[in-house]
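In the two complexes that follow, chain A is the common piece, with chain B as its partner first and chain C second.
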Partner chain A sequence: MNAEGAPAVRRVSYFSLVWRELRRDRLAVFGIWAVVVLLVLAVGAPLVSSNQPFWFHDARGWSSPWLVGLFDRLVFESSVDIFYNLLLVLLPLFLLAYAAARRFFGGRLVRRRGRLVAGCAVVFSLQFLALTPATIGGVENPLHYSHPVQNYRAKLAADPHASALFPLHHYGYRETNPVESLSPPSAEHWLGTDQEGRDVFARMLYGTRISLSIGVVAVALYIFIGVVVGALAGYFGGWVDTLLSRLVEVMICFPTFFLILTLAALIRERSIFHVMVIIGITSWTGVARLVRAEFLKHKGLEYAQAARALGIPARRIIFSHILPNASAPVLVSATFGIASSILVESSLSFLGIGDPNVASWGETLNAGRTDQRLWLILAPGFAIFFVVTVFNLVGEGLRDALDPKLRK
Partner chain B sequence: MKAYALRRLLLMIPTFLGISLILFLILNLAPGRPGAQQSGDLSQSMRGEVTAESYKIFREQFHLDKPILFNTRFTLTAAEVRAQVAAASGVGTTTAAERVHAQEALEDLGGAAVPFLVGLLDDPEPKLRDAATYFLRIDAVRPLEDPFDSHPSASLRSRNLAIDAENAELRTLRYVSDAPEATKLAVIARWKSWYVAHHARFEHDALGKLSMFFLDTRFAAYWRNLAHLDFGVSLISREPVVPTLVSKLKYSLTLSVGSLVLAYLIAIPLGVFSAVKKGTRADRVVTLGLFMLYSLPNFFVATILLYFFSTGSEWQSLRSFPTGGWSSTGAAELTTLGQWRDIAWHLVLPMGCMTYNSLAALSRYMRSGLLEVIQADYVRTARAKGLSEGVVIGKHALRNGLLPILTLLAGLLPSILGGSVIIEYIFGIQGLGLWVVDSINQRDYNVILAIELFTTVLVLIGLLLTDLSYALVDPRIRYE
Partner chain C sequence: MTSVPEEPLLRIENLSVRFRTSNGVVRAVDGAGYDVRRGETLAVVGESGCGKSVTAMAVLGLLPTPPAEVASGRIEFEGEDLLQASPARLREIRGNRISMIFQEPMTSLNPVFTVGDQIMEGLRLHRGLSREEARREASHLLELVRMPAPEQRLDEYPHQLSGGMRQRVMIAIALACRPRLLIADEPTTALDVTVQAQILELLRELQRELGMSIVLITHDLGVVAETAERVVVMYAGTVVERATALSLFDKPRHPYTAGLFLSLPSLGAESGSLRPIEGSVPDAMNLPSGCRVHPRCPFAMPVCSERDPVLTRREAAGEPPHESACFYVDQQPDADLVALTREGAPP
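Then we have the complex of A and B:
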């Protein structure tokens, strides 16, 4: 209560308002929970399905092949997997440290939660970037760590004195087994096997990692390009705008999928990172147009004029003044963008132009098409459908929540 | 209106040029050699002389021997050529890959290397002399003029015959490496006298150098061909690209335009229905159904439809649709009506898969567009006048409500053309989409270029039609 006796204004931030709106939308809440579950599945995949036992005991003593295998390039070839495995080890440590810190420092920490989360995000994305060159190089890359992979299931069966604890589902996604090629779903192989005898359930599970990272990385890339192009065009206008708008128009007239196909096919040793970059550099036009329109609207408003009058440099006006106000439509389009990037990646690997070394859903679906096996069609098909639906649901919810016209 | 259409048409030109520039850069700066499927593998092993020359002619005809953007070959020096020849003939320490690379570089240099190769004929190193005569035979050869002209004129024929005779003579200027010294010297002397007679062909004045710098490049050749609407021949099938493209067009256009029309025909009534019944159970069911359809990947649906209705499933009665393709094998013997029915029967599944995705997007936009319009004052006025609900919706609201889905047409076109790739791949329809995938896999640059430029033009025309149709639907929009 202040001196004049006017009622205190409850400060509610824009995003907590949006959050309140979003929570009313049951489908969107379902979508958010589903995304969380997908993330947990992606990070925890080795806990559910791996051909390396948690521990193994025989005449030579105890060992933990699972833990060693987490960072082994012969067990997990793609560095996307290594990244998620690192998360699997580090995330519980982070959470523990956070819980401990919260106990000791209490409220002060809670107030800085946003900054803490942002810090973690930065650390993780740096780590992701650092791992990227490790996949693009060959297996002789010095960053690769590997040791001979053993078939522990066979060892356990052969040695009556050995004991082992396997994850619930004890197959790896790269493990081929010609004897069990194209076997239908059973208690052993929950979703059957493909032509090469690889376990479909494991491939679906690890495919979550590929899809989520494709979606997030490609979208982050194209949001970045789109925001920069759109902001420059909208804020400066004049010839900058003319030039950039022409560029956007050229890109829009391109049949994007053809362009993506061409780019992807022309790279000889494709990795999943190439696919991410290709999707990123071809899909930014929509964001650029959105941001440009927002900037055209905002740059004439009082706050932007005031900032200019104060002599604040253009870079700061663009990025710290106008951009936060123009970010709502970008957020919505990013969420839809994740869904469509996942779709593009699976169509690429469906056509056989993806990364052959990762467990991609599209690849399994194409195997189902050529081999005409129902389990090879249904499992990846529904996986793609589910992920796309979930991100679309969140996107719809966000769009409605951010639209002030619909707010009561 | 006319002036606007004209201006839009003119604006298409820079856009088209921009797109062709991007395409050129992508195709030419990408790693991997075109034609590597056939000739490149030969270059890995020791190539015979005949294949070396035919590979060189092949590269020349597709301008692959030229530098990409700027030609600086007139600055070539004797030392550079000598180093290349040394690398190619294995003088000094070179790996096999380096030798192949140097060989190819020398072959690509063509006429620019000839004066220096002639200079090398006096080189003290015998291996270099041998190599110089070898490369002279390849580089001094003149390409035929317009080799793909199917109806050559008499003068063109006679000129080409003359070139061929000259080339045949050059091919005889050879010796095997263990030939006696006297034979070698005789051949070398003949090369020298040939060069004295023909040296004017290999010397350039300042203007010649300037035009060579800009015009004797892949880039210039590309624009020249574009200006003539000449897309060349397929590198793989060696058939002209444009006729093949036209013959494949009917499949792709039927699929994409057909599915687009179908999608609009279904989407508009569906959107109107669900906007009019807003909030009812019917609306909720339609909205949810469309949302599901929107998220269903069409390659999944196509695969599963093929499985159940055509090939895989155990239920015989369901398997009544063809596995793919455009028409049955014996279709030519059917009556015209029978042929049409046959094609239609083949098209049910692919067309359905292509339609439902755009259908879902369209009717969702139709619904929200109409909902916005229904709240407008003029609609309330129309109702207040006592007009029937049918007239209010059908006549007053619908016209404005159509605007958003017209805008969508521009965005749908590129994605429909892209989507046809997957559908044609799954159903084995020999349209543009399948052709582009095959060509990309075989690095058939001429075909990729032609298809992508062509689809771009289609999209540009689509955009133009969209903008013009605005003016038809919305009289407020005046283009001055």
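Then we have the complex of A and C:
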């Protein structure tokens, strides 16, 4: 090849331009860092707060209740927690393997990075699907409800020969303790406890997982619906457009929040996934209209015409030629969408129609309202405010960075 | 000159395209037709909106069909009627046997893909090459269009290239499957003059190397003189003159063509001799009756607004065919239209 003497090509892609622009916006950079911190907190929550010690030693020998507890449905009931716990265990392994492989294979690996990440995601999803259900093909999942939950703090106090290493804050978010009901913040319970004696700090921490998942999953769902509907309507026009646009208009006529309330009330055994789906299927209209408008603009542009002149099938033109070009406004609306989905979930939990089994901030806020305790209002209130603000900052930064008119 | 009548590569006959808009029916192309022979360059000349691009789009079946509609006509490519072809069949032909390059190299390339990916797409789609084979072939194609450092360009994005280079990439994409026919819709209009010359030269060389036919759509008579063997002049959806380039430039047989020549600056001509054609292109929704040129024609006669002129052969025996549609020329076959128009003294 003629690689010799040729200067290295600098691939200045569109998104690296946007990234350069985004980095100038201090608030957006702060927002991005805050989101990263939130993600780290969500994944690493058990490292900070858990009632299972990392290791425990007594007359019967060593054990690691923390590690076993990560996948124990009595310690972590929600599948959301299982997802993040799996991530906590596997992410370091993936990263280590990547670093090692990069050492040996170098550039070849970097070129295949995309495929590698996709592969890891598939492996991860399969493991998650294997871990989550109680039975797999009729066979009982050995990891499901593995151990009866023991109070290791009590065991440690009772046995003078035992030793244990606890996380920094040794309370779980589901652990109830009627004796310490509604106790104010203290060295033991950093943010106090609620009506059932559950630790508010732990609930705030694990609530990050719920909020981020709600945001990402609900938005992913409604972006998907909105993009498909909008792309088909915008690209094909004619009766397809008429039909889909009227559908969107009918959807817009419903007051979204009341629709969500009604749908949520209709489901008897609500889980957090129901809430995600409900938010997802009620909020896609804005994205659909946005994408339709983008497609109306892009389908007439010369590159789309050139693609048609090349004999490329419509499906490919829509999804791999036009969609990437139309994705900038979708990205911005997704970022704002995460913030608003989090807010909607909190509102649902506040009204008592969320998932009662997860540590939702809205639920704690509701407890603060009924029990009239300041710490029960301030902590989740601030958490919700912070996350929503942070995502809005990122969204605004993205919007400005993607706007070529504002580019310096 | 070949005297043996051979089957043309592309034959467009009596094509009419209408656009149904909310304000009425626009007759964008009205009974136009031309032949493209194997290996030749045919120039289609005319002002904006004369239907030259619409005709080309109709060949590829690219007209947006809710507003546009092919009312009549026949488009025959290698003996196959393209107007009757199924969408799947058209997709097979497009980019494979007939390719098109567009006016705006700045916007005809997809900004989110690398140059290599865009060239490889057609290769993989139509010729079923693997990724590695397609990449090798793409690199060859960039070499073919005289792109410096082709291997590196493959990994660059369109915005990293200049206008001329982008047009070269467009040509490489169009030539990827070695088409029999290349439709170039104003390929040099958006480029600098020096780059224009390079691109035209490149097209000429590639035509010789690959033996394809080119339909060059342009409003630039300079480009026509440099590249085309035969010329079709269109006005308001109709063909007004059809001739070899030599014969057309030597002696135009239609007042509109004569007017086009006079509106061009030329070296050596006296200053102030530039003469625009009076008036403007008629509104395609509201075409004049009879000959469409007559409101702007210095030679207009009463009959011109009453009846449609037909394309009539004008060449002397032994000369290549030269047709035009004009009542004045019917009467005065030997009139020097250019001189008469310049003097501004129509009889």
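The definition used in the following text is that the second predicted complex is superposed on the first by the 363 of 408 C-alpha atoms of A that agree within 3 Å, B and C clash if a C-alpha of one lies under 4 Å from a C-alpha of the other, contacts with A are read in each partner's own complex, and residues count from 1 in each chain.
As a working rule, contacts are C-beta pairs under 8 Å (C-beta built on N, C-alpha and C of every residue); 3 or more make two chains touch, one makes a residue touch a chain.
Values in this document were obtained by computation on a predicted structure and should not be read as measured data.
*Asks:* Given the touch rule stated above, what does A:246 touch, chain B (first), chain C (second), both, or neither?
*Replies:* Touch status of A:246: first partner only.
*Asks:* Taking the superposition as given, does A:306 touch the first partner, chain B, the second, chain C, both, or neither?
*Replies:* Touch partner of A:306: chain C, not chain B.
*Asks:* Between chain B and chain C, whom does A:325 touch in the aligned arrangement: first, second, both, or neither?
*Replies:* In the superposition, A:325 contacts chain C only.
*Asks:* For A:93 in the superposed arrangement: first (chain B), second (chain C), both or neither?
*Replies:* So A:93 meets neither chain B nor chain C here.
*Asks:* Please indicate which partner A:238 is in contact with in the superposed arrangement: first for chain B, second for chain C, both, or neither.
*Replies:* Only chain C; A:238 stays clear of chain B.
*Asks:* So in the superposed three-chain picture, is A:339 touching just chain B, just chain C, both, or none of them (first/second/both/neither)?
*Replies:* After superposition on chain A, A:339 lies in contact with chain B alone.
*Asks:* Is it chain B or chain C that touches the larger share of residues in chain A?
*Replies:* B
*Asks:* Under the stated contact criterion, what part of chain A meets chain C in this complex?
*Replies:* 1-3, 6-7, 9, 11-14, 237-238, 301-303, 305-313, 321, 324-325
*Asks:* Over in the complex, which chain A residues touch chain B? Could you list them?
*Replies:* Residues in contact with chain B: 246-247, 249-250, 252-259, 261-263, 265-268, 339, 343, 346-347, 350-351, 353, 362, 365, 368-369, 372-374, 377-378, 380-381, 384-385, 388-389, 392, 396.
*Asks:* Over in the complex, which chain B residues touch chain A? Could you list them?
*Replies:* 14-15, 18-19, 22, 26-27, 30-32, 291-292, 294-297, 299-300, 303-304, 306-307, 311-313, 411, 414-415, 417-419, 421-422, 425-426, 436-437, 440-441, 443, 448, 451-452, 455-456, 459-460, 463
*Asks:* Per the contact definition, I'd like the list of chain C residues that touch chain A in the complex.
*Replies:* 60, 62, 66, 90-96, 99-100, 102-104, 107-112, 114, 121-122, 125-126, 149, 151-152, 155-157, 159-160, 170, 173
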